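Two complexes follow with chain A in common, the first pairing it with chain B and the second with chain C.
Here is the complex of A and B:
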């Protein structure tokens, strides 16, 4: 691993043009500075309108910033002289998965959907076939390769969407609330896929989410508030102060809330906890029994 | 709304499924021409058997095939009745005379019955044959892919065939999504007391407005999101895009092609040699 971060954002600002108004703009990101290293699993939290999705779209040049720079793998993507080929390379490096699985599917058949990205890269068909099969396998959807996407469940569709990105062999996948429209089983499956990709393949994950329990599974949690980075640290650090999170209109994961409540009642724990399994461990230790 | 089977692919791995899409489009055209070449009962019977063989080979269940006919039952019934009652009664074997009007005799004739049956068979074979070739055994992407490759020479005169192909495949892909949307919006309106089944034509049409407007709005939103997602995945038009499934013309494609040409030729032969069997003037 070399020293340059995969994503290096420096003093980034962005504003939307107000619809209807003459040239009026509304700034949604005010000076974001942020580095993401290779192989990290970052969760981005924030209430509605905090600028999370905007930040995601900037990473892939779907939106262009007002000022500031974004470097992906050392290459400045905010350079206005960027060629189409450079943009294609960028989109190959940073893949995006969106909230609504129905609105990001191009093809009717699952494997053709997964092949869409590699087809855009102009790969020979034998290599596309290899990549599609590998990506389908990675998300556990091999059995559904020839099925119609319309007949899949939300969670399955979202896994196909992830496979579609994976087939482009990206270094980083940005997921914009990928589970918010799914049922509990779908969420679980998608989270499992995300974690496996990060852990076993070293794919960098930037996961934008509303769900505190999902955020707690990341290695690092960034909290955005009104276009600024409010907190940045491990889940344990970020969730250690529930009162502060409340002022940011956010909550803490269930198990963290439980620990805080027990602490107030006088039970003694070492350190804050964000994941259910750590919570069980800490509880067992505090109550004097082993697991 | 769920009965939009015309655009539905039936997954299987039969020979028909594996045929080259370009070939299948040409075969469908050949087949349509053959149905219109039929001039007598024997030819229709032959073609009908042909279509049954095609159905059997494609391994698409009969139940699924019959579903595609459900939408056109009215058309079939209308065509049958029209032929039954309006076939010229001159020199015909009258079975049941209804009456005379404007100096013309109306009634059911033997010829009328034969013509009606032939018309029904013609429509049914036409629909089954084309849906079998073009929709049940071919994914919408294969269809647009095949079509765009057949039309590829048009790129030379700057017709953006690839863009049309992409637009068409996306349109097809969104049929089930939009029909679900429609259903959801209708249910939402029904829950608020909207009534879509009563009243005259104008009232029914007016009741559709509160469905169409939200449908348009949601389609635009979907379109916008899809465009962003496609951009993220590096979509660009042009001929440097490659395909997962490259098309290869194989021996089986040539064989089926020959079989279909033979089918058409056989129909013409039957027309000539079985001319003694009740003759059908080429009305349609």
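Here is the complex of A and C:
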């Protein structure tokens, strides 16, 4: 494998046209520069209106930037001379999953929904069958293949939406708040699918979320603030300063908050933690005397 | 007396057709005055149906809904019978005709006022904003209640302060507000009706952490100032633990648990099999207990966890000094 990042964003800016204004625009991204390597699991955090969703839509050319470039696999997708066929190839590399699965469902039966993408790629039917079965299996929804999508729970629908993207065999999946409408079980299921795809299949994940616990599970956390990258690092690095996060309208996972509060009380820990399993080890070491 | 109560209430969608589905079955639950109750339950457990029964949007297919001890769907005949027996008991002489008229007007008033007295903030309520300015939007409910101009203005001022919207924002178009401000403007519209009971369905969904906190602080301020009964439907166990006194758990259209926060979260295993969960901090404290530390039960917030861990730290270091 060469060293070309899967996604390379350079000095990207984007403005929305103001509603009702006479050609007035509002810039929401002010020069984003960012590389995402193959196989990374990146969480993107940021307050409402910080530009997270806009960035996601730019990655898939749903929106076009004002200036700056995006390279996917070394190919500049923002190049105006790009042919439609090239755009299609690029879109296959990056799949998107949105907040409300109902908004992206087109078929009535679960497996037909998953087959929609590969069918549109013009693949032979035997290959479509294989891909659909594999995708349903990957999200743990094989038992629901013949079910009506309307009768599935939110978490199940979201997993079908992910399977539909997966069947296109993308190298990267961009998920925009995929769990915010789900109950705790639905969240857990979707998070598990995201992590398995990343770890076992090497699918690159860009996960936009408001949930700090979910962000803590990523390998890298990027924080957007008012259209700029404010922080970029491991969850432990990013969550090491709760006060700074608060000024960015964010918070830290509960276990990180606990560790910080304990430190203030005078209990000593080595290094910041962001995940419950690391937190418990650090707690036991700090307390000593446990069994 | 309970403020709002369901007695053996059930609801069936499309009864008698092949699409018939039972959403709620034999639900009896009482919500006490001036308490914040969290309603949890996984998708399809009947939360939304329950909430719509409580404010009269849906009529139960069996059982009854009581507000301040009165059946909100009481028929004229039943109301008349109730008034008659009341009159007989007090020995007062009243004409039957007057009582009949009274019964009819009582029932009409109940039908008309139930949605004002039990205010419902739906999911993503900002989608319902429609007026030219935030001020006009907030005034819509009170104006429909037939309040005077002065009273409406006074209420707008009060709720704007409660939800933290300033004069400039009140005069803006709701569509020029940020996501969190829009949400608070929509909530203000319901608060302005000064309902006896306030119900919020996922009031903080889709907001950033700061936005969530602001919305919940608004609810807390409103409740402290107006001393009303509040019901909050949410999937976030952390928010439930932080803001609710009591928790109602629905599963498969029935009440699984109803009690204080401590009583309900104390039964984790019961919650987990129903696709629910306890706050992350509670899990963490349970893990610590599993490692042999004397962690007390009933820790649902980070503050309580800090206290518990520091106590353990002190007792461990104390023992260390002895040896």
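Assume the second predicted complex is superposed on the first by the 288 of 291 C-alpha atoms of A that agree within 3 Å, B and C clash if a C-alpha of one lies under 4 Å from a C-alpha of the other, contacts with A are read in each partner's own complex, and residues count from 1 in each chain.
Simple rule for what comes next: a contact is a pair of C-beta atoms (placed from the backbone, for glycine too) under 8 Å apart; a residue touches a chain by one contact, two chains touch by 3 or more.
Predicted model, so just to flag it, every value in this text is computed and none were measured.
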item	value
Partner chain in contact with A:258 - chain B first, chain C second, else both or neither	second
Partner chain in contact with A:112 - chain B first, chain C second, else both or neither	first
Partner chain in contact with A:102 - chain B first, chain C second, else both or neither	first
Chain B versus chain C as contact partner of A:194, first or second or both or neither	neither
Partner chain(s) touched by A:122 [first = chain B, second = chain C, both, neither]	first
First (chain B), second (chain C), both or neither touched by A:164	first
Intersection of the chain A residues that touch chain B with those that touch chain C	none
Complex interface listing, chain A residues touching chain B	57, 60, 62, 84, 88, 91-92, 95-96, 98, 100, 102-109, 111-112, 115-125, 128-129, 132, 146-150, 164-165, 168
Touch list for chain B against partner chain A, complex	9, 11, 139-141, 169-170, 172-173, 176-177, 221-222, 225-226, 228-236, 240-246
Residue numbers on chain C that touch chain A, as the complex places them	41-44, 175, 178-180, 205-211, 213, 235, 237-238, 275-277, 279-281, 283-284, 287-288, 291-293, 302-303, 305-306, 309-310, 312-313, 316, 319-320
Chain C contact footprint on chain A (complex, rising order)	19, 46-49, 99, 153-155, 177, 180-188, 210, 212-213, 246, 249-251, 253-255, 257-258, 261-262, 265, 267, 276, 279-280, 283-284, 286-291
